Every structure is written in structure tokens, then in C-alpha cells.
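Sharing a structure below in C-alpha cells format, with a few things to ask.
As written, the chains take the letters A, B, C and D, and residue 1 is the first residue of each chain.
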Amino acid sequence: MSQDRLQELRSQVDVINLQILELLNKRASIVTDIGKVQTELGTSFYDPAREAFMLHNLEKNNKGPFSNETIKALFREIFRASMALEEQQAKAKILVQRKSPDQRTVITLPNGAVIGDGSFTVITGPCAVESYEQMDETAAALAQRGIKIIRGMAYKPRTSPYEFQGLGEQGLQIARQVADKYGMVITSEIMDQSQIMMFMDYVDIFWVGARNMQNSFLLKSLGKINKPVILKRGLSATLEEFLYSAEYIVSSGNPNVILIERGIRTFEKWTRNTLDIGGVAVLKLESHLPVVVDISHSAGRRDIAKPLARVAKASGADGLMVEVHPNPPVALSDAKQQLTIPEFHALMDEIADRETAF
Amino acid sequence: MSQDRLQELRSQVDVINLQILELLNKRASIVTDIGKVQTELGTSFYDPAREAFMLHNLEKNNKGPFSNETIKALFREIFRASMALEEQQAKAKILVQRKSPDQRTVITLPNGAVIGDGSFTVITGPCAVESYEQMDETAAALAQRGIKIIRGMAYKPRTSPYEFQGLGEQGLQIARQVADKYGMVITSEIMDQSQIMMFMDYVDIFWVGARNMQNSFLLKSLGKINKPVILKRGLSATLEEFLYSAEYIVSSGNPNVILIERGIRTFEKWTRNTLDIGGVAVLKLESHLPVVVDISHSAGRRDIAKPLARVAKASGADGLMVEVHPNPPVALSDAKQQLTIPEFHALMDEIADRETAF
Amino acid sequence: MSQDRLQELRSQVDVINLQILELLNKRASIVTDIGKVQTELGTSFYDPAREAFMLHNLEKNNKGPFSNETIKALFREIFRASMALEEQQAKAKILVQRKSPDQRTVITLPNGAVIGDGSFTVITGPCAVESYEQMDETAAALAQRGIKIIRGMAYKPRTSPYEFQGLGEQGLQIARQVADKYGMVITSEIMDQSQIMMFMDYVDIFWVGARNMQNSFLLKSLGKINKPVILKRGLSATLEEFLYSAEYIVSSGNPNVILIERGIRTFEKWTRNTLDIGGVAVLKLESHLPVVVDISHSAGRRDIAKPLARVAKASGADGLMVEVHPNPPVALSDAKQQLTIPEFHALMDEIADRETAF
Amino acid sequence: MSQDRLQELRSQVDVINLQILELLNKRASIVTDIGKVQTELGTSFYDPAREAFMLHNLEKNNKGPFSNETIKALFREIFRASMALEEQQAKAKILVQRKSPDQRTVITLPNGAVIGDGSFTVITGPCAVESYEQMDETAAALAQRGIKIIRGMAYKPRTSPYEFQGLGEQGLQIARQVADKYGMVITSEIMDQSQIMMFMDYVDIFWVGARNMQNSFLLKSLGKINKPVILKRGLSATLEEFLYSAEYIVSSGNPNVILIERGIRTFEKWTRNTLDIGGVAVLKLESHLPVVVDISHSAGRRDIAKPLARVAKASGADGLMVEVHPNPPVALSDAKQQLTIPEFHALMDEIADRETAF
């Protein structure tokens, strides 16, 4: 009985839906015409006074059950949709959104390294460039395991102005020299758009840190260069915000963006951050961009590096990022989380043992 | 010429607006009926399969100029508004929900103390009952400032099983003796429903701690007694969950519930928790129950007790809760946050200086 | 030069450390003697006035550089350590703490199912028992894949008192009947200690939900029974709090506790909770108890079940928990996250493909 | 007899207490020297390897009765205290740290407005500059209530690249024109250091948004200009990180920084963010910089603006920030949280009614 009644009511809704659909489209056509007239008249398309009048009129005629607030909210959506029909259509096509299950952004680097093709890439190196010797010793070990992408961090964003801020351009020179020696490409963090041209001389992959994830000026500028960009998720950025930050770069012209999940800030204290592995799975579902898991900053402790490396691989991510240092206890930053070289080898063994593709 | 044309097109839009308005409201009425049928059938309002069907149908019939994406976005807003309407109507039956701006739950205690009538009540006492002397010394000081409600905590929920767990029933006896001596009422934390009858012999206001906020068995049982209940917000409970927990008690028959905001768990480390003062304002707006601000557990440090006491009063809350101990450094729990007796007097001076009602 | 000076200063510290060590132990011996005298005198061991005197005396004699606050804090630690030397020694031996890398709690169930021995166990079944047919249809499918432990949830802790609260004892009867038919054991959520004896008649593994994780009365009571307990991590419980909750059970006499990580509450909205996979790795390191990953509540969406199942296995966890329902859209709770039976089969294929042990 | 013995033993303890006291302080002095050497060497205070060595040495030499676990726990406390001492001394050099209870940074603006002198300043204006008319209408209303500082936001940091990004330099021109007409000063958000010189032509107070709080390049550059800077707390920045970001500006040469607490990101959904009013109290305690409370972004809803304005004043903050728009429903951003002009007047009445200084 109730089931029949439900069916009947639903049919009524279906009819009304189509009536509303028709009116919305009719309205959109007229508004398009209005836009043309306004262009002739040279007046602005956006007219707050006109909107206020229409809202007032609706309020006056609203007999419920929807409240005036709801009606106004719905019409505000309609106004917005109508006003920017073209823009709206563009919006429906967010560039970083995956359109089909097998759409992938595959990035090929100058030394032939490929990321995003279904293989599992390890990006590694010390937290910061400290000296030629330190970089060389690290790179020699990495080269043994076929690592193709090395961290060459020369500018370190630090909480306090009194902490080590990186070696600057000199650090980039060291990184370049060492990378060339071992046939590697460099990724290095850029702090400000004014550095872009200088970085172009040294760096193969631009790295945008968590603190700069929503620096839209920097993101738009990186959309204009022809080198790939690694974008780290902000400390407390939602996945939606993260993808929109990538969209700033891609919509400015640079399709080669790699996303890094590096843990989010929570109340938990036994790990430095909380690795959002569910977020990685969602990113792979929603976007065609490569996703890399940072197992160093998310944990902040090296004693769980092995299980996290296995987890990264199992999650369907395109790679992992881990910090390695020849002598972590004397490192100028992140001493607690960088792996020693023997620990790095053990980690590589751990993930090599597993089958590759998911 | 163009101006005339503009005017004409705008009139057409105005007509369509009103047609859409009418259809939206007609649709809302039917959806309300559907909600009633669903309530009878015991099924959820939210039905993703049905939504998917409707969206698909719209898409199939859409001839533009709005894109399918836009149409679906607009209808998703309409669905949301319709569902909100149903929820709003369901919410209208929530007992703890404020129905009119001046609706208030006013609670009168055996010793004449009143809470919720617009006055500002201070609930205080030590974190835990430790001895007769400690309670007596504290109560004597509180009596000087006209305090009517004293903490008499005899069961302490502790993180570790090896920490001090309270004096148990003996603690309740001490609290009762001291409270009677000074004409005060006692509030004491109940840990389990099996204690209710024993507590009835000693306690005037039952206290449900943060860890038990969603212990629905305990809440329902407390709905069956004739003494008021203080309900603390859980560590990470949303305001909605908090009000629903109160609803468990009230819908079981006990209307006298006092809400305590005691800070929520966040990443910030300089305070023990983050006092959600905006939440207090929202609770006062959404519910008619009295709301008390716990300035001890939210801060975890006594050096900001004065500003937080002023804040509690300014927020529109019905009172504040603060811990006071004759000798905090040797306290068996919460040593860092309990006020000394002189600090308590200073705090009372601080809020006495301010005008009362907001 | 500075390096030499550093070495010299460190040697001085080493000498002082040993002097302090000797004095601490000498002090502890005397305090032990004091304890004996107090036992003779029949006075309480804990003497706040004496502590206050000692602290005052230290303050009077403190010439820095340590502040009075620091000195008092350090001596409070010394008092505490001295006062409960035996208790302290007990505390140093937290029972759930792993003492050696290969220490494991292995739990064998009546039907021969084993958890914690290095194998990977899948615990599954619907969110709630809704009817005999629903349980039977589910169990039949599970039996095909060799599942040995089924969810038989008859009491549902819900946010609102107006939501479906479970079938109660009737649900347990259904679950028992179905489990017996397929040779499975049942796990079911207990809400209150008053239910324990009744549950003993139906249930093989007691389940403590996230909302009850710090219900110490319930935990202590579950320490007195001879059936295993599954303990879920609270919504915002730290790992430390989680292990201490397990300790409440184990220290009360029941060693068979299984930990479930079910996601923590964060700001992220695209998943229901944030699965703390780093926390799982840390729990396996710190404790010998089995750890299971709940991939349903942590995600709140079934479309990432496959990668999360792989992740659970890769993390080194002892198993995973996933909800399965013959017809999720009509489920009385958690409609969005329960797998259909075909999805369940696909999930089992996914993890069967992978090698087993980590 | 036993009483005498007790007395004797206690005297022995008193003597040992003072010996330990002396050794602790001697140890602390040496550790301070070590800290200085480490500062010369540029190494971190925290040295886990050294701690491990010391603990091992103590363990080796411990003859009881304290267990190794207790000894290590006590020494870990001593290590922590010693490190805190070093940090405290390092902190004494932090420029933004309050050195005495009455130290205040007082900022005087070109139009005579003063902030930080104990008065309560209201900073207001629309979320964004949309047109001359909108700014003029708003400013006329603000002028009636003596407002001296107006928001003139021309660059809007937005989550999506497809949202309204502000009018740009044209917006600054409008803001300048309107501010001059009413004798107000302008504050406007700067997005990138490349804009600084252009902004100098229009803006009186530079505004650094939450997303740029840790953009150290921008902060250092703003340390070199002679106009005040408003610094907003990041979405999930700790108070410590917030003060260090201010330190970047102040240590670069610009002492005139105003801190804005704007709510932090939590799980709560009924407010847009969680206003950290305890954090405001802590900031006033720890720093001499003026602190302003943003009651718009913290709440995200205008219906609790009045209680939050009272709370801001009661907290001891130096002012509040609130968004006002002539017609919020058609605003191009933040439609839900901006006050109408009549609501703004009601808010001013609300806080005018209260006494001023705390």
C-alpha cells in the first residue's frame, strides 16, 4: 500500500523535474540573449541590483513549503549557472579530473625515467643538500639501486627564521654536479616565483612544498614552464583543495604535475603526521595525475619505513618518496626520519621482493 | 532600442522565475509526502539510487543550452534543499532543539541554586575527592564566594589502569558530608549504569564524562531518574552528536540536562584542548538546554583562567566550571590546571566586576 | 677546539649522572624503610602535607639555573617513583607492550580459526543483523571463501536515539543459528557490562566499539571472562590511549585482545574517517596483540575497498574487517560502505592474488 | 619509637633531597654551556644518540632498588628539563616574545588610528572590493560608527582557479579613493612579494592571508618595508608556528605586526572553522604583538556574530575583524558570513554597551 503510494508520488516528481528542466533551459536561452544585448550596450554582465530585485520578487511570491532562504539559495545557483554558461561548462571539465578509468598522465624525464605509467618509482635523497661529499656519498648508494630521481633541496622552508635555511644556489650547483655524475635528474623545492628562471638552469622537476600548496601566484607561474612539477599536499588541505591546486598549474598550461601525499596534521603524537592512505586511493580514482607517497614526513620516524613502503606500493600509488642521509644523527634537518644507507638498501629489498603492478 | 529589448527579455525572465518558483514548491510538497511514507516504511530519506535515476532521466531529456553537468549540478542543489526540508521537519521533533528564541530549560536544585535562568553559575571544587580535609578546606573557601554546586568526584576515568582511580563510595560519603556542612549540592561523575542507585544516595547532579558521552545505555538509564544530569561533550564529538546524546536522556524522560563544552581535541599543543567557544554560541542558538564552559580541561593551564572566565561569561553561556584545589602541586590528578584558593578568589573577583546578563 | 670542549663538558655530565643515580637509589631505600614504619604505625603511605613541606624546602634552597617550577616538577616525579616503587616496577611492565620482536599473542577460536599467528584473517558480515534471511544469504557467500569469523551485530550504537538500534537478543539468536550452520564463530558488539552474561550464551568474540573504548568499567569486566575481545580504537584516541585501554582488559586477566584500527576523525570529507595506517605499523611494533584494519568505517565508501584491502595486508596487520550486505542500498545502517556479495568476492580475489606473509 | 625512627628517616631524605637539588642545578649549568658550544657548532640541542648513551650508562651502573625502567624514566624527565632550559634561553632571544607583563607593541596609523594600546579596534569592510558603489556604500556606514581601518581586498586567494580572483590593481584604486574620502586607512591582502612595490602606492596595512602564513620569502620581504603587516594564522598552524612566522617579519626589520586568529580547521561542521579563543589568551600572554579576532572566517555564519564579538572583547584581544557587505546574498565571495549594514550597526551597539578594557 505504502509502496504503491511511494511509486505514485515519485512519478509526480519525475514530471515536475522535466518541467523545471524545460524552464531552466528556456531561461538560459533568454539570458544568453540578454548577454548579447548587454555587449551591444557595453554594460557589465554582472548586475547585483538586478539580482537583488529578482530575489526580492521571488521572496514576495514564495508561499512555501521552501523557506525564503532556501528559494534564494536555489536561485542564486541558477543565476550563477545562467550568468556564466560558458564558464560553467569549462568548470564541468576540471582538467585534472580522470575522465575514463585508464586515463593516465605519464611523465618522461630527460634521463629516461618515467613516472605514472604503472611502474613504481622511488624518489629519494637527503632532506637537504649539505655538502658535495654528502650528496656524492648518497647518490653513489642510490645509483646502485637504479634510482633515477634525486632530491636536491637547497632552500628549506623552516618554522623558525633561526633554523638552517638551506645552502641556496650553491646547493643547486652541488646537486646538479652530482646528479650529472650519476645520470640522475634533480627535484628541488622552489620557494617563490622570483626563483623560477634561476631554477630552470639547475632543476629537472620543480617541487612545491606543503606550505606553498595554495600559493596561487607561484602555481600559475609554474603552469607556464616546460618542466614537471611535484606538488605536495598542504598540512591540512582537503583532497578537493589539493586537486584544485594542481588545476591552477594544469589550467595555466603545464600538464605534468605529480601529487605527493605526505601525511596530514592530526592529534596523534606517535607519528609526526597521519599518512592518509585512503586519500591516495581516492586521488588515484578521481585524477589521472601520478600520486607519490612520502613515507618520511608522514611518519617522522624511520622504524616504520618498511611497512609504509609496502603500503605505498599496495595502495596503487605511482611511487614513494623517502629521505636518505649518510649520517642522519648529524643531519641539519629531519634527523629522526632520514634512513641510513644500509636502511635504504633494506627498504629497496623489501619492495623489490613484492610483485610490481596493482 | 536595445534598452527596450533588454527590458522585454528581463520581463520574460521574471515570468519564468515565478514559474520555476511554483514548481519548486510543488515538488517540495510532494517530497514531504514521500518523506512521510518513508518514515512509515522505516527507510532512509537519502536514496542514492533514486537520485541517480532522476539525474539520468534529466540528462536524457536535456536539450540545452545548459550542459548536462550544469543541469545535474542544479538538480543536486534542488535534491539537497528537498532533503534538508525533510530533515528540518524531522528536526522539529528533536526535544532538545530550541523552538523559540526565549525557550529555556531552567533547573532548580535542592539548595535553591538555579541554572539556566539567565544568571551565571560557577561550578567548582577539586578534580577528585582525596580526603575529608582537602574537601573541607576547599568548600570553606567556595562558601565564602557563595558557590552552591561543588564537584565531588569519587570515580576518575583514567587513561591508564595504573593511575589513581578515585576513592570510590568513600569519596562520595566525604563529598556528601562536606556539601551538607556548607549547604551545597554535589555533582559527581558516574561511570556505569550499575552505579545509579548507589549514586542516588549521595549525589544531586549526575555527571557524565567525555568518555561516556555516547554510552547510550547509560544515557537512557539517566533519562529515567529524577535528578539533573551534566553531560560533557566528547573529545571529538561534533555539536550534532553532542545534542543527540542529550536527546537520548531527554527522550527517555529526564528534561534536566546541562551541557558542558570542555574543549575539543586538535593538533594545537600549547593548550590541552581547544575551547570551542563558537560551539557554545551555536549550542545556545540551537538548544534550550543550559550550557556551561569548562575552563580547566579546555585550557589545561591555569595561567589563562581569567581571560577564559571572562570569555565564558561573554559567550552567553549559563555558567563556568573550574577546578580548585588547596594544594595543586600534590594533587593526585590534573595538577597543572587546578587553581589554588587565592587564584580562585581572584577569578571570582574578575567575573564579578563584569556586568551579568548577555 | 669546540669539539674538545664539548667532550669535556659531556664527561662532567656523565659523572654527575652517576652521582644522581646513587642518591636516587639511596633515597629509594630510605623511603622503602619509611613505608615499613608507616605500615607498623598504620598510617597512610601518601602524605600530601609531607610532600608540600619537601617541595617548599627545595624551593627555599634552589639557587638555579633550574626554576622552582622545574625543580618541583622533577621532585614530584621522584616522589611518585619513590612512593610506589613496586607499583612503578609493575608499570614498567605494561602487559600489552611487546618485549621481544617475535612475541605474539595468538588467539585460537572454537572453530579452529587462528588470529595473530602471522596469517591474514578476514572478519566480515553485515553492519547489523536485520533478519535470518539476510544473515543466511551473507554467510553462505562467506562460507564459499572460507571465512571463519562473522559479524553478528545486534546492538547498534547510534548517534541519534531515533535511528535503528539493532534487533537486540533476537539478533544474537539469529547470528548464532546462522554461524552454527556454517561452522563460523560470531563477534558482536557489547554495549554495557550488564549484558556480559547474556552475551556469553551467544557470542564467541566480544566486540567493544569505538564509543566504549575508554569505558573502564566495561573493559575491567571483560578482563574477567574467558572469551577473546575485539577492541576498536576510539574516534580520536591516541595510540597510547588505545594501548592503555587494552591494558585495562589484559591486566584484569584476559590476555586475548584484538586491536582494530578504524580510522580517526579529521577534517577530510572525501573519506568518512582517515585510516591511520602508520598507526597500524606502530601498534605492530609496540605491542604483541593482533591488529586488524577496518576498511569499511575508515573509508565510508566501497569504491576504494580493493586498494585498502591490499594496504591492510601490506601493512603487516593480522587481518582486515569489511562489511558485506546482500543489498546495501536497503541496509538499515551504513548503506554507503557495505560491499555487495559480488564486490566481496572480487575483494577476496584481490588479496588472494598477493603473497601472504610480511 | 616508630615515630622517632620515622622522623630520623625523613631527616635523611631531606638531606638527600638537597644533595640531589645541588647536583641537578650543577648539571643544568654544564648543559647550558654545552648548549652554547652546540650553537657555535650549529648543531641541534636534541641529540638522541647521546641520550641513548647516557641511559645505557645509567642502566649499566644501576644497583637498585629503583628498576632500570624507573631510573630511565626519571632521567628522561631530567633530560627534558635540561633541554627545556636551553630552549627557554634560546626563546629569550625571540623578538616577538613578551619579556615583561606590560610590554606592548603599539601601532599608530597615518590617520591617527591606534592598535595595541589597550583599546579595542574594529577592522571591517567587505570580503572583496567589487565596485566603487559597493565600497562607498559600505564605507559611509562604517564612518558613522567611527571605523578607521577598512578592508580593501583586490586579490582573493581562492581554492579553485575558476572562482572570482578579485579586481586586481583596479580594486586597490577604488579602495584608496573611498578610504581617502572617509579618512580611513586600507588593509589589503598581498599574494606575492612581486606585488610589494605596487601595493606601497595604495595600501596602509599589508595583509598576509592564512595560505601565505609560512611563505618565508614574502615574510622576509615584508620585514623590509615601513608599513604595518597583519598576519593571519594558517588553517592548521600551531601557535608556535604562528609566532615564528611573525618572527620572520620582525627579525627582518619590521616590528609592526598584528596577529589575527581566524579559527583553525577541525572536524566540527556547524562552524566553518573553530575559533581558538584559548589561543588568543595564550598569544596575549606569550607575545607583545597586538592580537585581533576574526569573527567572520572563524564562524562562517553571521548568526553568532554578536556573541563572538563579545567574546573577542572579553578575551583581552586588541580588536576584532568582521566582514560587512551592503548586500551579502549577491556578494562574489563569502556570501554566508558577511554582515548586512543593519547587522553591523547592531554588532557595534552590542560591543559599545560593554565596558572597554580588560
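FYI, a residue touches a chain if its C-beta (ideal position, glycine included) is under 8 Å from a C-beta of that chain, and two chains touch if they have at least 3 such contacts.
What you see is a predicted model; the values in this text were computed from it and never measured.
S.K.: Listed by label, which chains are in contact with chain C and with chain D?
M.R.: Shared contacts of chain C and chain D: A, B.
S.K.: So, comparing C-alpha centroids, which chain is the farthest one from chain D?
M.R.: C
S.K.: Could you give the separation in Å between the centres of chain A and chain D, each centre being the mean of its C-alpha atoms?
M.R.: That gives a centre separation of 28 Å.
S.K.: Centroid of chain A to centroid of chain B, CA atoms only: how many Å?
M.R.: That gives a centre separation of 37 Å.
S.K.: Centre to centre, by mean C-alpha position, how many angstrom separate chain A and chain C?
M.R.: 34
S.K.: Spell out, as numbers or ranges, the residues of chain D touching 2 or more other chains.
M.R.: Answer for chain D, listing residues that touch two or more other chains: 236, 240, 265-267.
S.K.: For chain A, which residues are in contact with chain C within the complex?
M.R.: Residues of chain A touching chain C: 236, 238-240, 263-264, 266-271, 274-282, 284-285, 298-299, 303-304, 307-308, 310-311, 313-316, 354-355, 358.
S.K.: Could you list, by residue number, the parts of chain C that touch chain D in their complex?
M.R.: 2-3, 5-6, 9-10, 12-14, 16-21, 23-34, 37-38, 40-41, 50, 54, 57-58, 61-66, 70-71, 73-75, 77-78, 81, 85, 88-89, 91-93, 265-267
S.K.: Residue numbers of chain A touching chain D in their complex, please.
M.R.: The contact residues of chain A facing chain D are 48, 51-52, 55, 72, 76, 87, 90-91, 157-162, 164-165, 191-194, 211-212, 214-218, 220, 234-236, 240-241, 244, 247-248, 251-252, 265, 329-330, 332, 335-336.
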